[in-house]
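Two complexes follow with chain A in common, the first pairing it with chain B and the second with chain C.
For the complex of A and B:
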């Protein structure tokens, strides 16, 4: 079965056609319209409008700040949880339950999850009640409509990705390497930082890339938790398509978002490759 | 010990909002409150008797099912080609087919809207379907690609030598070997489509709406516990899907030693 070039052609025909027609061509249309005026003249004016304007840089700044912070927090919180699941949990069924609990949010709509936070973070919500009850604050903190609120929601939505990728990497670390390090006299901390952590670095990077690319393009969570008071790049682009109907300017915003995402993914995988070479070099 | 505490707190943080949503859906009050005041299932009756919710739910389910089937039809030949052939541009093709995983859905949605407007593929069911097909195909492809092994080739050859046709060989020999992966990829694809907002929102209307988009529109303007009831039903659906996957492929992949 499946040996000739002709079969190969048959196999590839449908996927290539579908992705050309419904993925590449639409993106091409957006690119062209982002470089056009309303009446079809070639121009860089749409990009000029974005890059010359302080408001846009502020929105880009907020978007990046949220994405960078959520990536860092997801790694910092995700690593201990991954460690716990892979190294500490002894009872198989409990680990299985934990993994199910970890994946359950991923299988639930962003809306549902953000909605849960809308209830929790409200003025009289559980979070404020708890903080007040513990005596940590005197009056309710405003979370909704602030970057903190969006950050809580984003971290919540993206955390499972880092736990899964780091957990996968941890589960594959060769125990002999750690034992060797301990036998040679390194302490637990030293073994972790010079053996285990570098060996799981690709998991950290993979999770970080997923989280970053999803955080930078997130729309639903910021839209729901911002209450219209904080704007991120994806919200700005969506406005142009849904209410302003300026496809040229909206296109330029979309392409900007796309370029930022791809540039960051490219940069991170370059870093990861560099790290991998480093490891081989040593 | 500290790690255990951080881990369990983090786990609680992951579960808390879902518990809250389910709790809110059971309240007797007309406003959102957690913990719920009184226990009632009446909000579930409200949504089950609301034809717009029922219709959106059906649209979402049919859309997700068709998008998943179409994604299998697109991804299966691509996976076979990439696992068994070497050809020029393979890396580029694989990057192209997997790229919807990392590219902003809102950009893909906007692009499809703008492009579809020129060919009448806008604000109708086919428009929703092609968009969802593009974003769920990578999920099926990713689970299928590692499943085609060289050993299968000899089994397939044996089947052909014994006189089976190419199609019979595919359905009787190849397919059973990739079934578990195919089903779990399909469940991922179905769920991804079922919970999508960013893409659907461009092509939905008041009469053609998906459940997440309808929720999204409701949550922004008015909130009452019926939204929590709809949300809880989707959480239930998610839980069933995960238990199915666990049963099919086992979710114990994090066990180290």
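For the complex of A and C:
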């Protein structure tokens, strides 16, 4: 008994230390500095400065709009891609190639990929050239410096995460369950919405949360593709830390971002549970 | 009356022929088993009937209507899957109500019918539970309720009892058979367990290597197997060289006779063999005594013989003893060809 309790303590101590050192401590430092004045007095002034100012609300709005849209687009594009990889590709080598193509960009730096999109999305970039050449537009569309441009960049970078999580969930759905649904009189579409989709919901949620949290805190892609014309919260926080050296205000910005993010994730998973419960009946 | 007619169904996979021109007529209201070792094509045949797989050639008709090209949801049949395939994200009631809902019944009516079906399998109290929290036997019943709730003309069962332990399996065999008679639904039952097939079926189709060896009532399959495969697969068989008329032992390579172990007797003295019986000399190689049954294994030349008695061992028989194996030629079934 004694040894086992001691062993347990030791086993628990290590992860606790790691979590404290690498996750809680930095967060604590940021939290404390966000609640302090320059000379160390306790204050809510930083938060007042953020929440009372319309400009900050506008930045928060842009940040969340970009993050929510990239999440939705990544899920909507990721699901069929995952379906293709898991259900349609029969040839193992081709599936492997597809997965490698999907993951490969993750090995390159964000900066390089974002610069790549700057080149592609420029006035005379490949995208505009192609659209002009195809006669779909009369003059170049402005992508750089718009939310659309940032969105394209974010979706490109974050899409693999939804494909991988949804693909994983799809591969785990027992084929017999779909057969049972067909056997009981459901058509292909009904089977998808009543059986397959609810059973892959956890993959959709996992992918969605990864994409959302990465999109909402993304700095490099928005910074490079915004051309200084669009600002997200992470860019503001970075400015405060790197150029203004106002750690208190920067910290408050970071904590604001964190709180809003967690509130939204909490809300959406509650919504998803509700939806899943509702779907059961059908 | 023929409910389901399977005509010349062939199915090939990349490297082998799973079904080779299989034909089978299933009558209204009967319980027919597809019995065979794994890889014989029984599950493939069931999947083709269910519509989960399409045959390369051949025709499947139900009540005269060709269903070969119909998807599973358009066929008037239901399936009990091997591992039950209950929807894990639904309650037991929702699982069972799924069929009626798809058939266009209102939610309320679907749930009423689901309750009735659950009552039939004795699980009405479990309706709000999750199937994941149930035992194998209970899941089995839910799967059954879900499959019969729409009152299909034909129920396909893919080794439905294979995941249950022996006790429960025996009880479910009886319950399934009773339910089948009560509902009057035609069952096609896939199994590799010959005892199960013998106990439950009106007819058994013994399959081997992609074709049907014999279709007949269990007793006929046992007493008059048509091929050596059937004789060996169903029960145990002594294969003896017989003359074509079955009256006397023949030369090696002559016709093969099937003699069941319970019809082979062991005698210590040649005088004890009744008149008109045939006999072979042999030496006892092993004796086992299992729950009221004694088995005597003999070597007669290169041939192994097996005698079974449902009583104590004959006096004086022990391993290594030279004995006489005797049998009534009327008990021998001579295989044709």
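What to note about this one:
The working rule: the second predicted complex is superposed on the first by the 238 of 282 C-alpha atoms of A that agree within 3 Å, B and C clash if a C-alpha of one lies under 4 Å from a C-alpha of the other, contacts with A are read in each partner's own complex, and residues count from 1 in each chain.
Note that in this section a residue touches a chain if its C-beta (ideal position, glycine included) is under 8 Å from a C-beta of that chain, and two chains touch if they have at least 3 such contacts.
This is a predicted model, so every value here is computed, not measured.
When the two structures are aligned on the shared chain, A:229 is found in touch with neither chain B nor chain C.
By the touch criterion stated above, A:123 is placed in contact with neither chain B nor chain C.
Once the two complexes are overlaid on the shared chain, A:187 sits against chain C while remaining clear of chain B. By the touch criterion defined above, A:26 lies against chain B but remains apart from chain C after alignment on the C-alpha atoms of chain A. In the superposed model, more residues of chain A are touched by B than by the other of chain B and chain C.
Those residues of chain B whose C-beta lies close enough to touch chain A in the complex are 3-4, 6-8, 10-11, 13-18, 20-21, 24, 32, 34, 73-75, 77-78, 80-81, 84-85, 87, 93, 96-97, 100, 102-108, 110-116, 118, 130-131, 133-134, 137, 153, 156-157, 160, 166, 169-170, 174, 191, 194-195, 197-198, 201-202, 211-212, 215-216, 219-220, 223, 227-228, 231, 234-235, 238-239, 241-243, 246, 251-257. Across the interface of their complex, chain A is touched by residues 50-52, 71-73, 78-79, 81-83, 85-91, 94, 98-99, 101-103, 107, 146-147, 150 of chain C.
Per the touch definition, chain A reaches chain C in the complex via residues 174, 176-177, 179-187, 190, 194-195, 198-199, 276, 279-282.
Residues of chain A that touch chain B in their complex: 1-2, 8, 10-12, 14-16, 18-19, 22-27, 29-30, 33, 77-78, 80-88, 92, 95-96, 98-105, 107-120, 125-126, 156, 159-160, 167-168, 170-171, 173, 175, 209-210, 213-214, 216-217, 219-220, 223-224, 234, 237-238, 241-242, 247, 250-251, 254-255, 257-258, 261-262, 265.
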